[in-house]
Amino acid sequence: MDRGSIEPALTPGRNRVHEVIFEADTPAGRAFDIALLWSIVLSTAALLLESVESIRLDYGPAFEATEWLFTGLFSVEYALRLWCVRSPARYATSFFGVVDLISIVPGYISLVIPGAQPLMVVRALRLLRIFRVFKLGHFVSQGNTLMLALRASRAKITVFLFAVLNMVLVIGALMYLVEGGPETRFSSIPQSMYWAIVTMTTVGYGDIAPQSPLGQFLASVVMVIGYGIIAIPTGIISVEIARAGKEPVLTTQHCPHCSREGHDVDAVHCKFCGKRL
Amino acid sequence: MDRGSIEPALTPGRNRVHEVIFEADTPAGRAFDIALLWSIVLSTAALLLESVESIRLDYGPAFEATEWLFTGLFSVEYALRLWCVRSPARYATSFFGVVDLISIVPGYISLVIPGAQPLMVVRALRLLRIFRVFKLGHFVSQGNTLMLALRASRAKITVFLFAVLNMVLVIGALMYLVEGGPETRFSSIPQSMYWAIVTMTTVGYGDIAPQSPLGQFLASVVMVIGYGIIAIPTGIISVEIARAGKEPVLTTQHCPHCSREGHDVDAVHCKFCGKRL
Amino acid sequence: MDRGSIEPALTPGRNRVHEVIFEADTPAGRAFDIALLWSIVLSTAALLLESVESIRLDYGPAFEATEWLFTGLFSVEYALRLWCVRSPARYATSFFGVVDLISIVPGYISLVIPGAQPLMVVRALRLLRIFRVFKLGHFVSQGNTLMLALRASRAKITVFLFAVLNMVLVIGALMYLVEGGPETRFSSIPQSMYWAIVTMTTVGYGDIAPQSPLGQFLASVVMVIGYGIIAIPTGIISVEIARAGKEPVLTTQHCPHCSREGHDVDAVHCKFCGKRL
Amino acid sequence: MDRGSIEPALTPGRNRVHEVIFEADTPAGRAFDIALLWSIVLSTAALLLESVESIRLDYGPAFEATEWLFTGLFSVEYALRLWCVRSPARYATSFFGVVDLISIVPGYISLVIPGAQPLMVVRALRLLRIFRVFKLGHFVSQGNTLMLALRASRAKITVFLFAVLNMVLVIGALMYLVEGGPETRFSSIPQSMYWAIVTMTTVGYGDIAPQSPLGQFLASVVMVIGYGIIAIPTGIISVEIARAGKEPVLTTQHCPHCSREGHDVDAVHCKFCGKRL
């Protein structure tokens, strides 16, 4: 993750800071990481609470101060991270480097354009470090299995979404013809497409709903289709998760004596002729 | 796809046009295809925007001109395609031939019956050519796997939909008895069936919802049933996708003695005649 | 299906009627079956249309006449079926016998208790005969695979529904404590349980929705749980469909010579020692 | 389950009570268990009905009496259970011990804090004893398979929920920026997060819905994402149920020479030491 730490020929001071900030093996490093996780949780909670009007009216200045405190702390931390790694560019472009940066930038932007602060919730992504700090390797490997399955299904999912988008377009146009009109909620094709997505994904807000019998019939057909095709991504991903979770059960190794294959990865002797593999 | 190009004994002019329009291997053909894809995107976007009333009021004539420009261009293109293929009938009845035609017809129909233009969004289907132009063979093969899985599950899905339709009918009639009445939203059996579909597919608009305790109890049962049977198409399709993605488990080896196949990969003797494989 | 036809020692007249009514192999039998299917479709359509108030006001008497015509026809048909089978009791208690009866009974009940007619939509189930008439054996066998999978998952599904019911009860009580009150929509525990079912099945009408922050937080937890457990019936049924679709791949037969097992069902010789099984 | 009964060196009286209360093999024990199940059903039904205002106004005192009757009975039963087991501590901390306790506690709490009674619906969990009383071992084993599958998917589901929570946070903040405002329903980030959960789980109440085109576009993207990721828990659980339902593919045979196991069913020689199995 933090590849900047690969070449450690730094001055002792930078080395020490690097150890504290990037690693969780020493007591100081662990304490720093736990303090960091708590800061993230607290600053995110502050952002959420500040957005509630009644709370903002009562404690606005307190929350503003908290926000700037945490933004300041995270800025110092980001600067320290840049300073103590051997290759700042590599850290700055890594996943965590980018997340670390965009957790502080909206704070400064809000000085120019008010209202950008809510975007700082992105800093919650920094909590992903939790798996490293608490050595939850099992969770990381399970997460990787999921990512692998998702990546393997990318092509199928892309084709599927392309097909769904086309259906949404055609269904939206049809509903606009059937139900549309200036006084209805189906006021334009994009609006009808929004309805088609709300319906096919089975979300069904009900803010836009067909009123005429023909529109309701068409909507019923759309729902049954949506119901059917919700099965497709599920099927794709199930199959890929099943595949990603399986180890290669057999080697492709031949027995050098009887030339037969089908041996387990842990086999020492050929299971057919008994000679060593 | 474009089978008209199989027998190329055309005049050089038609040959040249054919190459540009139907193939994407020459620079001219590739340029044509990319220009075509952009035209499709732009003309579809124009159709969507024109349907928004506030935009139509401001820029109506401009959009109308754009629409006719693209319809004209696509008409010329369609005529050229018909002219340069050896077998116009075969092209005209192919999937892309039909899509190409119905992307221009509603424009001309709208001269007689106003309001048919939205149907021209069908031309978005022409974007499917994108996979051919950019040689995205992987996506095409993944799409085929999905089509195969869907085709293999057709019989099961048909039986399932038949059963669902019967349930919708019976549930609709029951709810009409329980909740129906002139002043309610369950005003007729078809309306109650619409509610049953909205509920069983878990869309749940909420425009029609039971009010009486008995109706709510019945609705709860319907929801739990719907919740259970949503699993069925998913199960069907998962299994078929798994099957479509799997290689055959058996070898394709023939017995040298009795010529029969279907042997396991680890078989020593033919399981039919007993001779060694 | 029609087991009454197993022992055919009937008088020629009853035999002839039996052939026409129960079988679809002779031209007369086939014509009868197709006429029957159309009658079912038409009478069901009449029931649906009659329930629409505007249509009933205009054509009420015509629909009433149609209804009685079909009910009469189906009554005669039911009597004939009873008369021409060897074992009327066996037919009357078979699946189709029961469906045939309950498609006519509500008509007569409605003479005493008005309003029972809508229940006659049950006669749509008689359309299941379509698979027999058109010899759609493939669909029947696919339907049986589905039934098999559902039956095999019965125990798991029962346990699952029992667990869901308990969750609904506890969640309903909690929401009643948090959001309940005489002026709210969460007016009683049963009402809150109805909300819990609407939410956990992801139907989400929106007629009852939490208003307080605590209620919304609790609802979010319920939704995420519902989202998670919707996966369980799907998983159960997927696995059973996969199992039901598979033939038994291996016999449990041992080779009488080398005593080894793992032979295919179509194996004649042992695949390990080559002797006959 | 009731491990307190392992060491039965009790006085005859306690032994007898233990037999009646904890076991279902003697007629008295069976009668007690069936009476208990009915009491649970009746007392739960009373709790539900009492919460309906119109019923409470009419029969309030009767329901209150019923409630105290059952709470008293269950208290006596709990005391007897504690008295007759050898190790009261072990019973009191077992699953059923805890459930038995929390089915009576809210009754006594309600003397101090009115309104706690609805929590007594937890006593419905005591109905789980039904599987033991009626020896429904099949259901218990199927339930265990489900629990096993759920436990095996815990790590994957945790990672998944963590990712969903992060998405909900970011989407909530974005929607608050796009649609938020004092006069809208997106009045704060927590409120927007509630909307994000309602939408991503496809519940879709519709009490909060985007109004601006940009908000609707963003919501469409969220729905399609939600639609896609609903597939993930389903996939995870399907795979685990399939795994939990499968027998081990390997034999449990030990090699007689090197004592190691893990051999295929068709192995002739030990794959580790090469000696014949």
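The first chain written gets the first letter, and so on, giving A, B, C and D; residue counts start at 1 in each chain.
Everything that follows uses one rule, which is that a contact is a pair of C-beta atoms (placed from the backbone, for glycine too) under 8 Å apart; a residue touches a chain by one contact, two chains touch by 3 or more.
Because the structure is predicted, anything quoted here is derived from the model rather than measured.
Peer 1: Same residues or different residues: which describes how chain C and chain D meet, taking over half shared numbers as same?
Peer 2: Both copies, chain C as well as chain D, present different residues to each other, with under half of the numbers appearing on both sides.
Peer 1: From the centre of chain D, which chain's CA centre is farthest?
Peer 2: Of all the other chains, the one whose centre lies farthest from chain D is B.
Peer 1: Please state the rotation angle, between 0 and 180 degrees and to the nearest 5, that superposes the Cα atoms of chain A on chain D.
Peer 2: Value: 90 degrees, nearest 5.
Peer 1: How many angstrom lie between the CA centroids of chain A and chain B, rounded to a whole number?
Peer 2: Computed from C-alpha means, the inter-chain centre distance equals 29 Å.
Peer 1: Where the CA atoms of chain A average out and where those of chain C average out, how many Å apart are those spots?
Peer 2: Spacing between the chain centres: roughly 41 Å.
Peer 1: Quick check: what residues of chain B touch more than one other chain, meaning two or more?
Peer 2: Those would be 190-191, 193, 202-206, 230, 234, 236, 238-239, 242, 266, 268.
Peer 1: Along chain C, where are the residues that touch chain A in the complex?
Peer 2: Touching chain A: residues 202-206, 234, 238 of chain C.
Peer 1: Touching chain C in the complex: which residues of chain B?
Peer 2: Chain B residues touching chain C: 155-156, 158-160, 162-163, 166, 169-170, 172-174, 176-177, 180, 182, 187-191, 193, 199, 202-206, 209, 213, 216-217, 219-220, 223-224, 226-228, 230-232, 234-236, 238-239, 242, 262-264, 266-276.
Peer 1: Considering only the defined contacts, which chain A positions touch chain D in the complex?
Peer 2: 44, 47-48, 51-53, 115-116, 118-119, 121-122, 124-125, 127, 138-139, 142-143, 145-146, 149-150, 157, 161, 164, 190-191, 193-194, 197-198, 200-207, 230, 233-234, 236-242, 245, 263-264, 266-276
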